[in-house]
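Two complexes, one shared chain (subunit A), two partners (subunit B, subunit C).
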Partner chain A sequence: MSRGDGNSGFPVRPAVGYAPGGAMSDDLPLRRTYLQHVVHDTLVPVASRLGLAWVVCLAFFAVTAPFIANSHPILMQEAGRWSSPMLKSLEPADIVLPVAAIAAAVLLVRRKLSAGQGLGMVAWVSAVTYAATAWPSAPQYYATLRGARLELMSAWAAWTLLRFVGAMVVMMIVLLPIFVLPRRATMVAGACLAPLVVLTLVFPVRPPELVVYERYRQKEGSGQITFVLRAMVPYSANDRLRDQPELRLTPPRRGHPLGTEPNGADVLSRMIHASRIALSIGFIATGIAVVVGVIVGGLMGYFVGTVDLLGMRLIEIFQAIPRLVLLVAITASYGRSLYLMMAVIGMLSWTGDARFIRAEFLKLRKEDFVQAAVAAGLPLRSILFRHMLPNGIAPVLVSASFGVASAILLESTLSFLGLGLVDEPSWGQMLNQAREGSGFNWWIALFPGAAIFLTVFAYNLVGESLRDALDPKLLKRE
Partner chain B sequence: MAQPLLEIRDLTVGFDTDRGWIVPVRNVSFCIYPGQTAALVGESGCGKSVTALSILRLIAEPPGRILSGQVLMEGRDLLALPETQMRSVRGKDIAMIFQEPMTSLNPVFTIGDQIMEAILLHQHVTAREARDIAERSLYDVGIADPGRRLNEYPHQMSGGMRQRVMIAMALSCKPKLLIADEPTTALDVTIQAQILELLRKLQRQANMAMLLITHDLGVVAENADVVGVMYASRIVEYATVEDLFDRPAHPYTEGLFRSVPKLGNLAERLATIPGTVPNPAHFPSGCKFHPRCHRMEGDAKCGQIEPSLREVAGSHWAACHHVPNHASSPETSPRLDHRREVVAMATEDLGADVLPSAKEYRP
Partner chain C sequence: MLSYLIRRILLIVPTLIGATALIFFVMALAPVSITDALLSREGNLQPGERKAREEYLNRRYGLNKPLPVQYFRWLNAISPVGVKEKGPGFPASWKVGVKWPDLGNSFKQARPVGPIILEALPVTLLIQTISMPLSIAIAITSGIWAAKHRGKLQDVATGTVLLGLWSLPVIWVAVMLIGYLANVHYLKWFPAAGLHDPRAGSMSFFPGHGSAGYLLDSLWHLVLPVTCLTYGSFAFLSKLTRASLLDTLGADFIRTARAKGLSERVVLYRHALRNSLLPLITVFAGILPAMITGSIVVEKVFSVAGMGRLVIDSLLAQDRELFLSVATITLLLQLTGFLLMDIAYAIADPRVSYE
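And now, the complex of A and B:
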C-alpha cells in the first residue's frame, strides 16, 4: 500500500484560481456554499430578476424619497444668502437610510466580510448615524416627554441623566466593532463615518417643525429668491398646495404627472414617500415573524415530545385568529401606529415559518453532524442556531418573500379601510381617496393600485423562483 | 492494578416504542484503562452503538432512556451529572467520531470554523491560538496544506479526508477517551487501513484510551487490547484480544471466527451461523443465542435460564452454560488492564511514512 502522499488518493488541486474557461468552467466554484448556490439559482429566471429589479427600484425610492420629492429647495439664494432648506428639513431616518444603503452596497461589491459580519457592519453604521443625527434633538424629545406630564424628576436631573445615558450609548455603539470585526474593516468604517458624525454634530438635524411649504413658491413668485434648485418632484408628500386651491383633485397635468389628491397633495410625491412604508412594513413584519417562527419552530423540532405538542397547539391558536379583524380592533383601541401594525402583523404570521422550521429540524436532529456537534459538547444555542438553522432556513426564506407581499397587502387593506396612518402617505390610503369627491378619480386608483400590484407580484416572482431553486434536491453536489 | 479510566457498570438502556419497550442494551459492564483500546464487536443491532452513545448520554430522550447502571469516568458517574457539566465532558474528556464521515460535518461551515468552535469552547485560548491548534491538528492527521484546508467546506473533501478532519476535531481538545463508532465502515479498504493506523499512532502519542465499536474482526485483531463480544443486547464474551482469538469460549464467537475467510484456506463456502439475529422487540427466552447454537443439543436449560457473564478462566469472561466450569466460576464484572504487544512494532514502521514527525511542524 503506498502511503507516501498522506492524502488518501485525493487529487491535489492547484493552489491558485480555479480558472474559468478550463475544464472546470461548467462546475460550480468550489467555495460556493449551499446558500450562495440557492441565491444563484434563484436569480437565473428572468421573471425573478425583473421582480428583484422592481424591489431594488422601490428600495431606491424609499431610501432617497426626501431627496427626490421635496418642497424644500435643494439650494436657494435669498437676499444674497445661500441656504439649503432641504438638508435642514431632513429627519434622522432620512439620513440613516441612505448611509446604510451605501454601506450595504459597498460591502456587497467588496465582499471582504462574511454575511454575518456584513450585516453587523451595516447595523453598526446605521446605529452610529442614527445616534449622531438623532442626538441633537434629544432636548426636544425631552420637552415632549415633559409635555406628557412625566415629571418624575426635576428637569435638570432628567436632562443630565438623558445626556449621560445618550453619551454612553453612543460610545458603546462606536466602540462595538473594535471587539467584533477585523481591525482594518473597523478603521475604514471609522474613517468614513467620522466626518459624517462631525457634520451632524456641527449642523444638527432638527426635529420636524410646523412647515409652511408654500412660502418658497410665494417668495419665488415675488422675486425674493434669486436662485433656486429644486428637487426632481418639487412637492413634499404633505404639501397640500394651499396656495393653489384650484389644483385640488386634478387629473395628471403639467407639473403633476400623476395628478393631485382631493386635499391638494401631489400623487407622485406621495407615492414615492409611501414606498418607504410599503417596504418597511413588509420587511419588519416579516422579520418579526421569521424570528419568532424560527425560535418556536426550532425548539419544537429539536425537543419534540411535550414541547412539540404544546408548540403545535400554540400555532393552531394563532392560526385561528383572523388577522384583519384583530388589526382593526387594535388600531381602533390603541390608535394608529405603524410600529404597532408591524408588530401585530409579525406576531400573527409566524406560524407558517414555525411549521417549516419544525419540519426541517425534525429532519436535521437525526443528522450525523448534529449528533457530532452534541458529542463535541457544544451548547444548545450553538447546536440550534449555528449548526441546524443555516441548514434548515431555506424554506423559511421562500415563505418570508411571500410574507413580505402579504404584509404589504394587509397594510394597504387597513389603510384603504381608513385605519392606516393619519398623516404619512400610504398606497392603500391613496386608493381610498380615489372614491372621494364627486366621482371616481381614476388616477388616484390606477397608480397606487399598480404600485401595490407590482410590488406584491415582484415578491411573489422572487419567492416562486426561490422555491424552485430549493425544490429539486439540490445537495446533489455531494 | 491501575484505576480504570472509564467503568461501565450494569448499563441497561431502553427505548419506548409503539410496540412497547425495546431494550437494546442489558446489564453491560466493562472497564477501559488509560491508553487502552477496548473493542466492542457484534452484528448490527446488537447494542454496541447504543452502549457507546449512552456513555456520552447522546441517546435521544424520548424515546430512549437509560434504565439503570453507572458510567464512571475517573470515579464520577456521568449518568448522574447535570446536563451543563455533561457538556464539558463531551468533547473535552470524551470525544467521539462517527461512522459516516460524509455527513458528520456541517455542510455550511468551513472545516476551520468547525474545529475552532470546539477548541474555543473547551480550551481557554484566543481565536488566533485556536486557529493554530486547528491547523496543527489537521497537520497531525496527515492533511497536506492544513492552512488552506481550514478555509474549505466539507463538500470539497473526499470521505477519507473528512474522516481525518473528524479525527482532528475529536483530538484537538486532547480527550482522555476517544469513542470511535465504526470509524472505517464507510471507507474503502486502503483508506480504512490508513485511518486505523493514524488512530493508533495518535493514541500512542497522547496515551489516550479508545473504545472501538466495530463489526470487523480484522480491525479488532489489529487494534484492540481487550475485546467484548456483544450479542442481542448483552456482552457474551470478554477477553484479551490474544485470548479471544486463540481460545474463543462462547459459541457465538466461535461462529464469528468460522465465518471469516482465511488466506490459504480452500473452502467452497464460508461457514455461517444458522438462523438470524433476533429482533430486539422479542428476544428468545433463556440464552438469547440458543436457537442458533450448535452446543445446545436439546439442553432445556439453555432455553430457560439466561447464563450470566462469568470469569470462566483467568482474564476470560463468557456467558454460556456449556463452557467448562461456567457454573462454578465467579460472577464478576469484567476488568482487564491489558495491552497488546504484538502489532505495535509493525505499526511503528508504517506510521513513520504516513505521518510527518510531530515535532518539525510550525504553523
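And now, the complex of A and C:
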C-alpha cells in the first residue's frame, strides 16, 4: 500500500460489487476507495451531518473538559506571586486526551497516512504522552496495591495487571514505530512531542491529593488574590460548594446556568465532564465488541464445520443472556469501575458483529481472490484480515455505529439504577438525582436526559445514513 | 424438518448449561463471598455467634464446597433428569432418573424460590401483555402509512420521528412523565408509583359505591408504565414493517396484481402486507424473555414489584439461588423463542427449508 495517494487502507472494490442507488455520480473521481465512497454517501443527508456535528461537539467538550469547567483558576496572582492552579491540578488523562485529539486532527487534515497507520500514530502519541505524564503516579499506585485495599481483585492480580499495562505501554512506544509507522512521520511527531516530554520531566504531573475547591473563592472574597482568570464554568465536577450550602439543589440561576444538584455541585460542569464517560464508554466498548466479533465471526465463516457449530453456541449463549441483567450482576458483585463496565459491555455486544462477519465470510471464501490467496500460501492472518476483512467489514460499520448508541444507553441505564460510577459524574447518574429531595428537580431531569437522548439520536442518525449508503437491503440479509 | 427440530432442541441443553455456568461463576468469583453478604445483613454478631451462623449457612446451602461442586449440585437440582437420591456408596446406591426440578431456596427470604417468582410474575405479565399487542398494532399501522407515502414528506417525517422515539432513553421519559404528569406541583393526572391504590382491595370491581372501582383504578395506574414500555418497541417494529413492505411492493407479483386491475386497497392489504409481515417473526423471539426481564427499568422507576425488581433486588442481595432461577427461566424462554422463530419462518414461508 503506497503512501501519499490518500489511500485509506481499504482496497478498491470491483465496480460490480458497488452500486448503491445514485451514488456513482459523475462528480466523484473513480479513484476513490470503497470506504471513501461510503463516507461521502453517508454524509450527504443533512440529518447525519447534524448527528456528526453533535458528536464532534461532544468530543470537543470531552477533550477540553478540565479547561472549560474547573474550580482551579487558570491564572491567578496571590501576594504578588503568579501561579496556575489549573495546570497543577491536571491529571495524566487531561493531557493525553488533547494531545491525541490534536494528533488525530492533524492526520485527518493532512491525510498522509493510511487508516491503519493513522490509528497507530494516534496510539503511539497517546502512549508516549501517557508514559511521560503518568510515571510520577506509579509509586502511588504501587503503594495502593501493596496496601491491598482493593475491592476488585487481589493485590497480586492488580500488581500483575499494572506491570502488564506498563509493559504494554512501553512495547507500544518501541514496537509501533519499528513495525507500523513510517519513519518520517514518527520523527515529525516525536519532534513535536519532545518539548512536552521534557516539560513533564522537569515539572512532573502530580495532581494534589487533597483538593479544597472553596479555597480560591474564600481567598478571593477576602482580597488575598489580586488577579484571577477563571475557566468559563468556574466549578469542577466534584466541587460541592461547601462554602455555599444554601446553593444546594437550586434551579438555574446566575452563576449556575443549569442549576445545582443535591450535593451542591454545578450541573453544567458535571454534564461537561460526563461527556467524557459517555464518549469513551461508547467507543471503547464498541471497539472491544467489533474486535471480538470480527475474530470469532471471521474464524466461523472461514472454517465452517465444527468451528462454526461451536462459535454458534457461543453466540447463542451470549445472545440469550439479557445484557442489562448480566451487566448488573457483574457490577453488583465486582464493584464499580469504568474499565470493567467498558469491558463487560463490549464482551456482551459482539454477537451481532460476529453474525454479520460470518455471513460475509461465508460468501467471500468462495471468491477467486480468496482462493488465490490460499493458493499463494499466504498465512491465515493475511488471508483473513488483509484480504477478506476489508471486503466484508461494511455491515459491521453500521452495527458498530448503532452499538455506540446502545453502549451509551446501557451505561446511563446502569448509572440510573445506582450501579454506575460513584464519584465521577455520568448523565444517567445525574438523571437519577432528579427525584432526590422533596419534589421533582426538573433541571436535573431535563438537561442530562436531553444530552443522553441527543447523543444516542446522533449516533443512530449517522448509523442509519451509513446503512443506506452501504446497501439498502443490508439488515434484511440476516 | 423433524430431524432439524430434534437437533435444535438437543442443542438448547449445552447452550443453557454454558450460559448458566457463565452466570454462576461470574457471581461466585465475586470478591465478597455470599456468606459474608448474608451475615452482614444480620448486624453485629458476637464472634462465636458469627461462627455458628456461618457454619449453619454453609451446611444449609453448601457454600463452603468447591465452586464446580456447588454448580453441579445446583444444576442437578434444577434439571428434570438427574440424581434423585444419594445413598452412601458411589455410584451404586445413587438413584438417577426423571424428577421434579427444584429451584431451591432464596437465601435472603429463606423460602422456596417458586412461590416468590409466582408472586412477581403476574405483575410483569400484566404490563407486558397490554404493551406488546399495543406496540405491534401501532407499529404495523404506522409502518403501512409510511410505506404508502414513500419518499414524501410524511415518510421522511415519520422516519425521523420514529428514529427519535427509538433513541429516547426510557429512563428519561419515565422520570419526565412522573415529574410532570404525576406531581402535585405540576399536573397530578396519574399516580406516580405502584399498580394499585392502597385501598384497591376494598373496592368493587366496576365503578360505583363512591369509588372508581378496581378496574379503572388499575388502568389508571397502568397508563404511564405501559406508555414507557410501548413507545420504544413500536418505533423499531414500525421501521421494520415499512422496510419490508417497501421491499414487497417492488416485487413482480405486485405489478401483476396492479396490472390485472385490482384496487390499490386489495393490492396493499391482501397481496403485499401478508407477504411483508415475515420479518416481524424475528420480533417474536424476543417476546417470551421480555415477559420476564423486559421491564426492569420501568418497574424500578414506577416501584412495581414485578420480575424486573426481583432480578435487581436478588442481585444486590447476592441471593444466588433466586437470581439463577430467574435467569434460567429467562434463558429457557429466549432459547425457545429462537427455536419458535425458526419454525415460524419455515411455516410462514415455504421457501425456507432447514433440510
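Points to keep in mind about this one:
Heads up, the rule we're going with is that the second predicted complex is superposed on the first by the 412 of 478 C-alpha atoms of A that agree within 3 Å, B and C clash if a C-alpha of one lies under 4 Å from a C-alpha of the other, contacts with A are read in each partner's own complex, and residues count from 1 in each chain.
One rule holds in what follows: a residue touches a chain if its C-beta (ideal position, glycine included) is under 8 Å from a C-beta of that chain, and two chains touch if they have at least 3 such contacts.
Just so it is clear, the structure is predicted and the values come from calculations on it, not from any experiment.
Residue contacts after overlaying the shared chain place A:Ser333 against subunit C, while subunit B stays out of touching range.
By the document's definition of touching, of the two partners only subunit B reaches A:Glu367; subunit C does not. Contacts of A:Gln429 after superposition: neither subunit B nor subunit C is touched.
Subunit A is touched at more residues by one of its partners, and among subunit B and subunit C that partner is C.
In the overlay built on the shared chain, the residue A:Ser89 is in contact with neither subunit B nor subunit C. Touch criterion met: A:Gly439 reaches subunit C, while subunit B stays clear of it. Residues 475 of subunit A contact both subunit B in one complex and subunit C in the other. Touching subunit C in their complex are the following residues of subunit A: 47, 151-153, 313-314, 316-317, 319-322, 324-326, 328-330, 332-335, 405, 409, 412-413, 416-417, 428, 431, 434-435, 439-440, 442, 445-446, 449-450, 452-453, 456-457, 460-461, 464, 473, 475-476.
The residues of subunit C lying in touch with subunit A in their complex are 11, 14-15, 18-19, 22-23, 26-27, 30-32, 160, 163-164, 166-172, 175-176, 178-180, 183, 185-186, 243-244, 247, 279, 289, 293, 296-297, 300, 311-312, 315-316, 318, 323, 327, 330-331, 334-335, 338. Of all the residues in subunit B, the ones that touch subunit A in their complex are 56, 58, 60, 62, 87-92, 95-96, 98-100, 102-109, 117-118, 121-122, 142-145, 148, 152-153, 155-158, 160-161, 164, 166, 169-170, 190-191, 193-194, 350, 353-356.
On the subunit A side of its complex with subunit B, the touching residues are 1, 3-10, 12, 15, 30-31, 33-35, 304-305, 365, 367-369, 371-379, 382, 386-387, 390-391, 475, 477-478.
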